[in-house]
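Common to both upcoming complexes is chain A, partnered first by chain B, then by chain C.
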Partner chain A sequence: MAAGRRFRVDPSLVIVTVLLVAVLIAGFTLSERFGTLRNLMNVLEQAAALGFVSLGQSLVVLVGGIDLSVGAVVTASTVLMAAVVEMNPAWMVPMIPGVLAFGAFIGFINGFLVLRTGVHPLIVTLGTGSVLNGLVLLYTLQPTGGVPYWFEEFAYGRIGPVPVAGLVMLVCFGFVWFFLKYTAMGRSFYAVGGGEESARLSGIDSNRVILIAYTACGFFVALAGAYFVSRTGVGDPRVGEPFTLASITPVIVGGILLGGGKGNVLGALLGVFLISLINNLLNYMDVSTFIQWIVQGLIILVAVSVYVNRERKL
Partner chain B sequence: MKSKLLSFVALAGLAAGPAMADYSGLPRTFLWNPDYNQMIDTSQFAKEGPYTIGFSNASQADLWLVTFFHGVQWAADRNRDKLARFIVTDANSDPTKQVSDIQDLLNQDIDLLLVNPATADALDPILRRTMRSGVPVVTAARRVESDDSFVSFVTASDTALARMSATWMAETLGGEGRVVLLPGLAGASPAEMRLNAAREVFAQFPGIEIVDTQYTSWSPANGKQIMSAIIQREGADTIDGVWADSGLQGSGSVEAFLNAGVASSDIPPHTGGDLNRMYKLALEHGFPFAGIDYTPSIGISAVGLALDVLEGASVPKRLDVNFQVVISEGDETESIKADVMLADYVAVDRPDDFIMGHGMGPDYDPKTFSVDLPN
Partner chain C sequence: MSEPASKSTALVPVKRLALPAAMLALVGFAAVLQPSFLSPSNLQDILTQAAPLGIVVLGQAFVVLVRGLDLSVASLMATVAVIATAFNATDDAMIPVIFAVAIGFSALVGLTNGLLVTKRNVSPFLATLAIMIVLQGLRFYYTQGAPAGSLPSGFRFLGTGRIAGIPVNMIAFAVLFVVLGWLLHKSAFGRKVYITGGNPVSADLVGIRSDRVTILCYVICSVMAGIAGLFLVGFVGTVDNWVGRGYELDSIVAVVIGGVALSGGTGTLWGAASGALILILLFNIVIILGLPVQAQLIIKGIIIIFAAALFARARAQ
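Let's look at the complex of A and B:
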């Protein structure tokens, strides 16, 4: 009995894995180049940004929140990093932890405001995102700044065939998975997401947990920002726009419950691979971008209808 | 040197061909350019055909971009005997998606990358890497920052277009008046280059006051909404001219004046080509007008140049596709003369949303256009 429980597989992981395998089979069947190592490694690299942002979003959703400022934080991080480094290229190395600290700080502010005001995180984070977007657009309407060529290696560099950015993303997911599964603080994320009040009654400092979740989210989102600076060489004031909603798709598809308390970040990782492989495959099939949108929308709708907790909708 | 010049002239002439109605000379930007054109030896890229070309498109977000996109496909179809595959991706205005699109194209062993970059900066690293990997890059309509990120850039001169339209506006107003500037999409290189060039011209006329500058994303709806707000704030009769870098938003501006109850005869001078509706409005209401098309036939010329690169021909680093100046009757100025008068240019029998200068012949209809390319 105990052994049976130990090996019980999370059903949401099964669903996303089945979908992933289906896409892989379709890819191998429809395009001879889809299954090449070169392509799959390309997809791993391309998935990095969505991976970082979705990892951050997963943490916030697990504690019962949501962060709609992620797109703005990605944008602000890229512009901040590229602008500062262009002014003084010697700041390139200090700006890497610097921009991550910036993201973490914005995340902390989000968490603080959610706790302090008691307003739904959807509204709070939409507000902070709007403030950040406004500040960035006041500073620049166009891509700005620049970084030394060597920093491109974060996005384009390879260790053997494996892309550096993809590897960093996998390490981040591994670290967070371990943290959530094997540390007391990690397990308290589920307790807080399952019910803040009952967690508090169980002796968990739920405010601290929520603050950590939002701060970590900001950190990972800023990592996506650094990746974009590496990939494009500039700070683009619109680069983060698609990520606010895009970050939620892998979270839902990966089976993390909107409302919190249940789910596995490995599910979100599989969700990231699923979305990235679908986009890649549709490119190989010469399918219009608009159809790519439709497919992504359908995936969200199907996933939501499968996983939604009918009693605790957002 | 002479043969290189001749090959450029031939190429420029070809580029001029599809877009022309009356003016059939070489592009003015070629004739007036004080520098020598840099010619690129492409023998290192020469290959036996048929070729596999990857086309990474930035967006189909406005009517001009749709027509440009059709032009590229039309030209590929006309050259299908030289093509094994012509693979198309569209980034939907997202530069980061475009980087991924280009990686996906490179993975399909393309012989050449044709690209309309979403922004001038963000595509620089991936295109530089593409060139370094031995795949030649031809950019169309928009360029990227570094010269070593592409073999050749096919365009129509944004600076010439904007200088001519701004000069026409300043001279039409006798060097004095309050002018609204309506540029296109913030951050897109054509919009920024045109805006800077127009400002450069207006700065030379101390009597010209810039009332406001508002980006419009080349959208008729945005043009109308923005100009309506400016009219509300400033009063229609205090605005002496509207410089728009395209008729896409320019037509919206004219509609805003009409909506505000301004009589046809009181609509201030406007600039902006491309959109048939703009030409129709100018003809119907008779306000002073100068239109210069940023011809979408750039796409057609870019495919031709891409094939030249793969055949190892010498190509210019920058190829300017011709444009022509369209001016309403009696409104030529000291410096800016018409190549064709408005009444002779407007396509009265074509729809309002028709983009001029497409170069695809009289039967082209964007609503029914379709080609089946080998991919």
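Let's look at the complex of A and C:
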């Protein structure tokens, strides 16, 4: 690795970029419609949900945790938002920060329980996710609620050719990237993920960092919930379920190590693009969802094997 | 013979008493609420429901003991169920063949999980997650979303039948429990499991091939999931692509409720099995109380955090 040290660029970013370029080239060659601006902008629009949850998941994974409640938080956010707004449409505007605060609150509870009980984050977030899912399903088994028509601008609106939701996602990633790279608090995320004890010894309040990571995760995950309400106009008690595990794939493919301390949210963003473009391309090629699953499983295995071996050689 | 547990002697009395006490309390609570809870037919129903989860939990416990986690068990159960129907057999004589093929396939899946975790150093969560998704894709691709095919009628007996009043699948669970309990708590392999789970590096230093032990634990887990899948498909009666859905997380919940630490090296098979029974009892009580089924999710969530926190505290002392 001595030679590699001269490059300041994270090698996992290089790997995921190469993969991304490969998929783009394959797409341009294999399908006529894939390479059009219109299709790529559609992919950006549709990638927003995965982007929001993966951004949240990245933060938690960076500090050495994992959040298996994200699916439930997406679901609960959609139902909460759509149900409240249907009762009183005047609540539409306050419910936007409202639902984000709700997500942040659930994230805070996750972080609090992880720190307070000493229980593995996997178990804690599995538990809170289960409780949240149960509550939502007690409230409704069917899609419910409704929002004013104008709110669909968040999911479907365009500024020029650029989708609003995709833009919001990019801004969020940019903000978090800046935070992690250029603020003291952000840099301490890596220290805490690298080893809580040593971070504490070097004067970092690791409990505070962990709380912030989980809270921010909940916030971004709720943003995905708002996106779905905007997209479908309703709160859907099942919409979030696939995101619990799906949120982890881009994080891993982007080179953020499970266990914490290493990685870059830009990697996760590229991971989101990679997954979304592959699925889009496979759709154009009429490959069934079933094969898409197999491909996704293999991507995880390949990415993880490559990164882990690289790390071990250090 | 109980050296493996000696590391946590302080915990042993807590664990030994806590689980039976919790079970008794639950049974007592249910009996007070609904006297017919103790009727033989209701108890038989509970045991019939508990057996497939219990079998999965036995395997999951081995993996968790070596610091692992197997998210692929439910996907494997459904895949094995699809394989079983692919034979389109009607003759009960085919049942042993189906079992042999299913167990062989499961062992291969476990081997893959184990190799990824040990030789490629992939985190258990991701390795088994990827295998879960791959199995799901293969299964759906094969069935094209709509499973067809039939099972010999004997499967129905395995899933729901009774011998002398005892559910057949519970007898299978009991046999597996005894065999695996001997393996874990009385055999040399079992001691290696605890040492590997306690600290893989020092296990290597004392000459234990911890990789091999870990791989075997994954194989055991997958084989148990495969067997449970066959019993569950017999219980459900029809095959669909999601037989066993939710068992991956429920089995982990049960193992943790039973006091097996995710950090590896501590816990017993008896504890894990009790965890499964406690979980099923809780589900049953929700029904008795007349609560909606969704309340099971809420109770499950609270109980797992609570139980895990209790055990974490007991270990810290």
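Quick note on the criterion: the second predicted complex is superposed on the first by the 300 of 314 C-alpha atoms of A that agree within 3 Å, B and C clash if a C-alpha of one lies under 4 Å from a C-alpha of the other, contacts with A are read in each partner's own complex, and residues count from 1 in each chain.
Just so it is clear, contacts are C-beta pairs under 8 Å (C-beta built on N, C-alpha and C of every residue); 3 or more make two chains touch, one makes a residue touch a chain.
Because the structure is a prediction, the values reported are computed rather than measured.
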item: First, second, both or neither for A:208, with chain B first and chain C second; value: neither
item: Which superposed partner A:126 touches (first chain B, second chain C, both, neither); value: second
item: Partner chain in contact with A:236 - chain B first, chain C second, else both or neither; value: first
item: First (chain B), second (chain C), both or neither touched by A:49; value: first
item: Touching partner for A:248 - first (chain B), second (chain C), both, neither; value: second
item: Residue contacts on chain A - larger count, chain B or chain C; value: C
item: Touched partner set for A:288, first chain B, second chain C, both or neither; value: both
item: First (chain B), second (chain C), both or neither touched by A:200; value: neither
item: Those residues of chain A which chain B touches in one complex and chain C touches in the other; value: 288-290, 293
item: Contact set on chain A toward chain B in their complex; value: 33, 36, 38-39, 42, 45-46, 49, 141-143, 146, 152, 155-156, 228, 231-234, 236-239, 242, 279-280, 283-284, 286, 288-290, 293
item: Chain A - residues contacting chain C, complex; value: 66, 113, 117-120, 122-124, 126-135, 137-138, 245, 248, 252, 258-259, 288-298, 300-301, 304-305, 308-309, 312
item: Partner chain A, residues of chain C touching it in the complex; value: 69, 116, 120-123, 125-127, 129-134, 136-138, 140-141, 144-145, 249, 252-253, 256, 262-263, 292, 294-302, 304-305, 308-309, 312-313, 316
item: Parts of chain B lying in touch with chain A, wherever the complex brings them together; value: 87-92, 94-97, 99-101, 103-104, 107-108, 119-126, 129, 186-187, 192, 215, 375
